[in-house]
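You will see chain A twice below: alongside chain B first, and alongside chain C after that.
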Partner chain A sequence: MTDPKVVEPWVAAPLKRLAEDARLISGVLLHPSGRAVGQFGFSNAADVMSICALTSAINASSRELGRQLHGKPFYEMHHAGGDRQVFMARCMAGAQEFLFVGVFDRESSLGLVEIYFAEFQKALEQLRPHAPEPAKPLPAGDFEGELNRSLDSLFGRIG
Partner chain B sequence: MKSAPAEVVASLSHVPGVAAAMVVGSADGLIVETSAMKGGAAGGPDTRKHTAALAAYLYSKVSRASHAARLGTPSFMRLEAERGHICVVGADDVVLVTIVTPEANVGRVRLDMMHAAGEKS
Partner chain C sequence: MSVVNYSTREITCKIVYYGPGRSGKTTNLQQIYSQLPEERKGKMMSLATDTDRTLFFDFLPLDLGTISGFNTRFQLYTVPGQVYYAATRKLVLQGVDGVVFVADSQMRQLAENVESLQDLHENLAEDGFDPRTMPLVMQYNKRDLPPDELTPIDELDEKLNFRGVPFFPANAISGGGVFESLRSIASIVLARLSAPAAKS
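Take a look at the complex of A and B:
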């Protein structure tokens, strides 16, 4: 497997280990806003952009659905397709929230992905920078701009 | 598997030397039913979820190896470690997993697991 491409270097090692241990085909770590933090298994920026946008929207929807149905938000989702399965969950590193979406097939299992994702969360918590750089101010609601900036970091500027 | 998962787990957990018995989904590696962990350190981490997922995964790989060698489906898998054994038996869509102490009579454990899985020993 090729090394993950990351915007924030401290997530590279945990992401690589998660991919290898859980036998994931591909995966994206992102902020809940939809900004990509790291990815593996993708060569196309447009694919990552779509996945980030969809994951962000699914996360918002499933949280609200959880609140409506269960009184508290859902934080983890699994879809078992015919050949491939999708695992989606949130993780915390200090006060910073991330979303992760990963794809696997019969070479892995949901049980394996869950246990290695738990280890991934612990690694993020241990490795997180304790004095994060202040976020650059962005225009409110600049969703597309934020996506494009993170994708430029992951794949290089296109055009 | 002829009996309900809860019955299988209750029965296997009473076999001398069995520290934990679990029924685990063979495809997803998730615990369907489990006994309490006997003899675990108080307040220590619960390793049953890890053991279940990894044992189911290992059994699927062992099955592939067995088929590749034209030996058919494995009937019983035993992993011997420093401080005990992990035993696995496949039963349709689930696998039976036991964590066994070194002093246990593994032959008895095997017989009871095979019986629970509905196979001839």
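Take a look at the complex of A and C:
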């Protein structure tokens, strides 16, 4: 498989290992708000954004469903389709919560995915940065000019 | 907050269309979706009820192109406007970078607009955002309706726009004001990114 594409570099190695060990076809690690942290198996950024938005919504709904049905939130979901299966779960790294959604086929199994997902969680816990990286400003350059040209090309000139 | 990935040189920003029920938030996204070229947009998702009211959110990813060497992408969300979907609105607002407040210009909807704006402020504050500094533009929608049914722009602005943010009269069904609003919020959100220290 190709290396995962990540927003936060420290998740790259655990994601790669999870993908290989659990034989996942694709997967996305995200914040519960729907922001992608890392992914493998996707080539289209818009698809990743859509999956993150839906996963975030499913996570929120399933937690509430769990509370309604048996008083405790559901933190893990699994769908077994004919050819492909989807595994969705939360994981913690310190106080930081993440969601993961992964797809696998007959080359893997739910049990295998769960075993390596537990390893993945441990790796996140070990590797997590203990202080957030300070935000860096974007290079100034001709930022405003480029922004306006891009907006013009997308929306047309207005006003 | 915006995600800036320096290794892959990507920026991702989240814009939420907020406002009372039936003010035209979903119509805004449908207009944007219908007008943009295929290569600049993803699939539009609508999680709606069987009566076409937004149940969870509408979602549209779009590609703004390269700015300062960064591939820049926007995620456009709407929230369900109905009062009883408060928890969903709060969830969708998580990590927001900018808000387009879509007000319904009809006179009889004025109180709903005010209530929705207060709801926005409360939810932003609960999520740890300062409602006074969150990038915001106002859109006064449905200006195509008969004038005697409409609240004048000045009055809407006085009642809703106490921050004096950019505002746009709109008729989302035909597309009027839709791109102006999006362009304005995109510009404000990205301009903040270029000098976060100075603006925070």
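In the analysis below, the second predicted complex is superposed on the first by the 132 of 159 C-alpha atoms of A that agree within 3 Å, B and C clash if a C-alpha of one lies under 4 Å from a C-alpha of the other, contacts with A are read in each partner's own complex, and residues count from 1 in each chain.
Here, contacts are C-beta pairs under 8 Å (C-beta built on N, C-alpha and C of every residue); 3 or more make two chains touch, one makes a residue touch a chain.
All values reported here derive from a predicted model rather than from experimental measurement.
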Can A:114 be said to touch chain B (first), chain C (second), both, or neither? first
Applying the document's definition of touch, where does A:7 land relative to chain B and chain C: first, second, both, or neither? second
According to the stated criteria, A:154 is in contact with first (chain B), second (chain C), both, or neither; which is it? second
Kindly classify A:49 by the partners it touches after superposition: chain B alone (first), chain C alone (second), both, or neither? second
Dominant toucher of chain A (residue count), chain B or chain C: C
Touch check for A:125: first (chain B), second (chain C), both, or neither? neither
Tell me the contact category for A:21 with respect to chain B and chain C: first, second, both or neither. neither
Just chain B (first), just chain C (second), both, or neither: which does A:33 touch? second
Which chain A residues lie in the overlap of the chain B contact set and the chain C contact set? none
Report the residues of chain A in contact with chain B in the complex, numbered from low to high. 80, 106, 108-112, 114-115
For the complex, which residues does chain C have touching chain A? 3-8, 10-12, 14, 36, 40-43, 45, 47, 56-57, 59, 61-73, 75, 77, 87-88, 91, 94-95, 179-180, 182-183, 186-187, 190-191, 193-197
The residues of chain B that touch chain A in their complex are 24-25, 27-31, 49-50, 52-54, 56-57, 60
Of chain A, residues touching chain C in the complex: 5-7, 9, 31-36, 44-47, 49-50, 53-54, 56-57, 60-61, 64, 135-144, 146-148, 150-151, 153-156, 158-159
